[in-house]
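Letters A, B, C and D name the chains as they come in the text, with residue numbers starting at 1 for each one.
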Amino acid sequence: MTAPETTPPSPERLDELYEQCSNWGRWGDDDELGALNLLTAERRATAVASVRTGRSVSLANDLPKVPSAENPFPAHHHMLASGDALDSNGIPGYEATRDYVGTDVHGLGVTHIDALCHMFAKGHTYNGRTAETVKSTGATANTIMAAAGGIVGRGVLLDVARALGDGPLPGNTVVTPDQLDATCEAQGVEVGEGDLLMVCTGRDARRTEQRGRFDPITDGMAGLGAECLPWLHEKGIALLGGDGISDPMPGVGTPEWPFPIHQIGITRIGLMLIDNMNLEELSEACADAGTWDVLLAVAPLRVPGGTGCPVNPIAVL
Amino acid sequence: MTAPETTPPSPERLDELYEQCSNWGRWGDDDELGALNLLTAERRATAVASVRTGRSVSLANDLPKVPSAENPFPAHHHMLASGDALDSNGIPGYEATRDYVGTDVHGLGVTHIDALCHMFAKGHTYNGRTAETVKSTGATANTIMAAAGGIVGRGVLLDVARALGDGPLPGNTVVTPDQLDATCEAQGVEVGEGDLLMVCTGRDARRTEQRGRFDPITDGMAGLGAECLPWLHEKGIALLGGDGISDPMPGVGTPEWPFPIHQIGITRIGLMLIDNMNLEELSEACADAGTWDVLLAVAPLRVPGGTGCPVNPIAVL
Amino acid sequence: MTAPETTPPSPERLDELYEQCSNWGRWGDDDELGALNLLTAERRATAVASVRTGRSVSLANDLPKVPSAENPFPAHHHMLASGDALDSNGIPGYEATRDYVGTDVHGLGVTHIDALCHMFAKGHTYNGRTAETVKSTGATANTIMAAAGGIVGRGVLLDVARALGDGPLPGNTVVTPDQLDATCEAQGVEVGEGDLLMVCTGRDARRTEQRGRFDPITDGMAGLGAECLPWLHEKGIALLGGDGISDPMPGVGTPEWPFPIHQIGITRIGLMLIDNMNLEELSEACADAGTWDVLLAVAPLRVPGGTGCPVNPIAVL
Amino acid sequence: MTAPETTPPSPERLDELYEQCSNWGRWGDDDELGALNLLTAERRATAVASVRTGRSVSLANDLPKVPSAENPFPAHHHMLASGDALDSNGIPGYEATRDYVGTDVHGLGVTHIDALCHMFAKGHTYNGRTAETVKSTGATANTIMAAAGGIVGRGVLLDVARALGDGPLPGNTVVTPDQLDATCEAQGVEVGEGDLLMVCTGRDARRTEQRGRFDPITDGMAGLGAECLPWLHEKGIALLGGDGISDPMPGVGTPEWPFPIHQIGITRIGLMLIDNMNLEELSEACADAGTWDVLLAVAPLRVPGGTGCPVNPIAVL
């Protein structure tokens, strides 16, 4: 299968998509959960059918403690007491080590989930909330706390790079809805309402090919084109993740719409995104098993006011 | 059922327990996974039978951003860009908010998992590793990365407070193995090899009773007595969590053994602990359903060198 | 000398003081330096006459690493490499230790300087700048960078507690302009234009009396009454510091004006404040020497966008 | 004047310098102040004679908030409350902004002072203290607290780049003792016991020439050769600072002695260093004035257990 030439959509088309792909009001004006409403308890119970062997796989990259082009703002992992201070707790007989961990939540390196207050378009985010709802003291609506109950459901991996057959998608390749459908067909898997979708474009393989030196800005990252928005909306995808940031990087849109999946997917569909997943081991495991659906568990930290948080999504095959 | 009087075990008895309750070498000298080895893929696959309605419940407390007696070292949640700086990313048209989150991992407030390098006894931890393996630059063995693949399995909640019938356990009540057995019987649940055990003592209910002002040191927290160690070891518990810190607080042991569950459970059995869980909602849900086993998903962050990390365990009923 | 009874000023009087005590426009509409303009190079050169013996004294408290009522949000001092990892720099032969230090800038514990963008009154701060000038990404005007060139000049210590003769000022004692004058007279010192004024009320002595347990909110801290504003303004004080926060704590004003020295001094006079100084050693030294003026050096960190920073003011007698 | 060819000293010569240039025991076995003992109160009092016009100049770079080759681990400057949350303090009527500032102390970007516990050679630092004195919970000896009383004295700037006449010193030029003497002569200034020495090599000019892109590792930084150690020791320099790190970078020594000024200067002479100063404005001002001595004020933060801290040294001409 050859990737068709893609023409970036016009600003007018993006305005159309903005109008068309919206869940505002669908679950009430107070709703902060967005598309995750589609992951009902019933669907969660059914999702366990995707567990076959019980193998579990981490879908996160290591928290980046050293700066790189992928993560110029390194995470803090600070030991508070190492083995040289086992007795520093002040409790006689008690020997312990302790540490501190902290990180910028977003960006192109940390595996993290975007809450619905992370993105705005035309000054508004999901369910019509304005920029004033996100204060310097924390967000007051659409925070990550909406997903604090956990995101456990049927996960489907679409390894577009593998299905298209030409290896990791180069540069900022734009993935089309047709390619998503073709990947479903090639993999023999269907995507349905309430599913947690993961799209693999080969970013991690590219990093390996480049001996660890991968620059998301100059090398580019593949992602879904804006025309995938109706596909995501109509299918009823409950959560979208990828090994990049779901949008092609650098953006291929117009100045007003550099990252349509973020700008319309989050703000209008109410679609939380997981950026910078590591999908290599999962893809190998799925290819070996010949099945592409898993039980996926994402457990966001309970950060009141948070615009997202680092996560380690776990797939159980 | 009345709580029997308990006599703290002697130092000699604790030395005996230290000798007796050990998994060192059981899974090889290189093993860093400890009791989690008992949660096999097969058991993970079987665990999905515990999912009935698909309801999911968070078992964590909110990350404590304001200091309290439970958490004197508050977490950092710092906005990097709130709604007043939507355009601060330097990408025209892109409107986003961003934040930073960081926290001390351990202590009496944050819901967190203890890696096997967190505790030492007699200068050693699981599989005989010495204090020198935990450097100020990070731990080099027995880190939380051992569990990075996720901990998904059959979780069993034992609500001892509810089963004993007298409400939240006061002070630093010592829970005995008989009480664990009695709770199993009262709840009609069995605990088996590879299970993820959670013990509820009523700490959160005590906080509520005390209008939010709860001091783990002066008020005390109930926990498992040292004599529960053989019970945990023989049953083959793969992970232990609690609404306190699993050990009674303040410790009721001898000066050498203030916290036997931490000191022997972690270092000898290789039992990772989850401290400061919030088990209230789960206990209500289990009581309503009349079932006390769940699918439990714990997804530790990938922190290389980490002695643990904050977690939000998710139970699916 | 007996402290006269003081009546809190009315809201109307505070509105008057707000109108009266203003330097807006005095040094141009672009000015961000405020009262520090009065510390001219010439006055700085003259200030060295205050150096007599060359003894230097630190006027800061230790950075508070452990929480207390005075500083509930402890500073971070994290070792990145201690003696157990001397070789962690990756340079053969190079043996080094490293650390990280961080702190909330403001509050009642850290010795810090307030930049002019720290406070607002009626939505404006010095020179008429609005709240919009302080973004979540950093302040864009009136930042601490205005003082990055250093604050070196004639410092004058007024130890009101000592001069009034009754020991540390209790509770939230309101210091009056008459008492400032009486202290000047008792100490035989004059305060003039461009001076850096420090007022000692005995807070640190109170902490010692209370064996280290001092709660600024329940115990209270003495400070200057609102009627000192014209005194400060007319004298041409360039910088004000104190062992408390210069304002009485809790505030004795009206709901609109809880902390007039902060609210009018900073925003209208353009007076940077140094809060939580430790003036005990300096006061002893001055009393011994019989002189109360010193060369004072304050060296704010260069924090672009900062609303202040921790400082260690140094007095040379 | 032409720079002579320099031959890196042999390991044997460095061992000799290590033996020769030592102040261990000179001020008692308990001493933690090192060469700063030479900055006596008397000399501090005399130093004010260096103040002529009263102009003050900052000698620090801005705290680096954005990563660069000079500082890959950016400082944290996080707003806690910007103008969008003026009322977030919970005190009616009180309008304030707040922030957090934190940074790695050492490295090639932040202007900072090295405490005597920062460096070790052969496992020991100043006055014979071992690596065990620096714990993961903080240093217990030779900390920055030794200098908490402030460092105020006669500062002398030697602008070697200017005096040698060929502009910024390229690469990792090794400055010789003869060049230091020649610079003193060219500038008409003498360096004496207890002086605070600053050496300018033109690093900041190089950054400007390279339009802000300067990489200390690939571009190199000039510094003092190992043969300057006796010069520093015999002159009785109390503190050494530079626009680089005082040592040439990359090191020109042998594998055992990559950075002799750090390794012998700090550990044996007890010489605290200030790295990454910005000396451009001061050099211009001194050249204009025709005088090269100033009153220098360095005010280290009071960080108990600290191996150093960020500083903003202030020169008064």
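Everything that follows uses one rule, which is that a contact is a pair of C-beta atoms (placed from the backbone, for glycine too) under 8 Å apart; a residue touches a chain by one contact, two chains touch by 3 or more.
These numbers come from a predicted model, not from an experiment.
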Chain labels contacting chain C and also chain D: A, B
Copies chain A and chain D touch via same or different residues, half shared test: same
Between chain B and chain A, distance of the C-alpha-averaged centres to the nearest whole Å: 28
Cα-centroid distance, chain B relative to chain C, in whole angstrom: 45
Whole-Å gap between the CA centroids of chain B and chain D: 47
Residue numbers of chain B (touch at least two other chains): 76, 79-80, 82-84, 100, 132, 135-137
Overall pattern in which the protein chains touch one another (line/ring/star/complete/other): complete
Footprint of chain C on chain A - complex, ascending: 76, 78-80, 82-84, 100, 136
Residue ranges of chain A in contact with chain D within the complex: 67, 72-74, 79-82, 84-85, 88, 132, 135-137
In the complex with chain A, residue positions of chain B that touch it: 40-48, 51-58, 60-63, 65, 76-77, 79-80, 82-84, 86, 91-106, 111, 117-121, 123, 130-139, 145, 148-150, 152, 251, 254-259, 262-263, 295, 297-314, 316
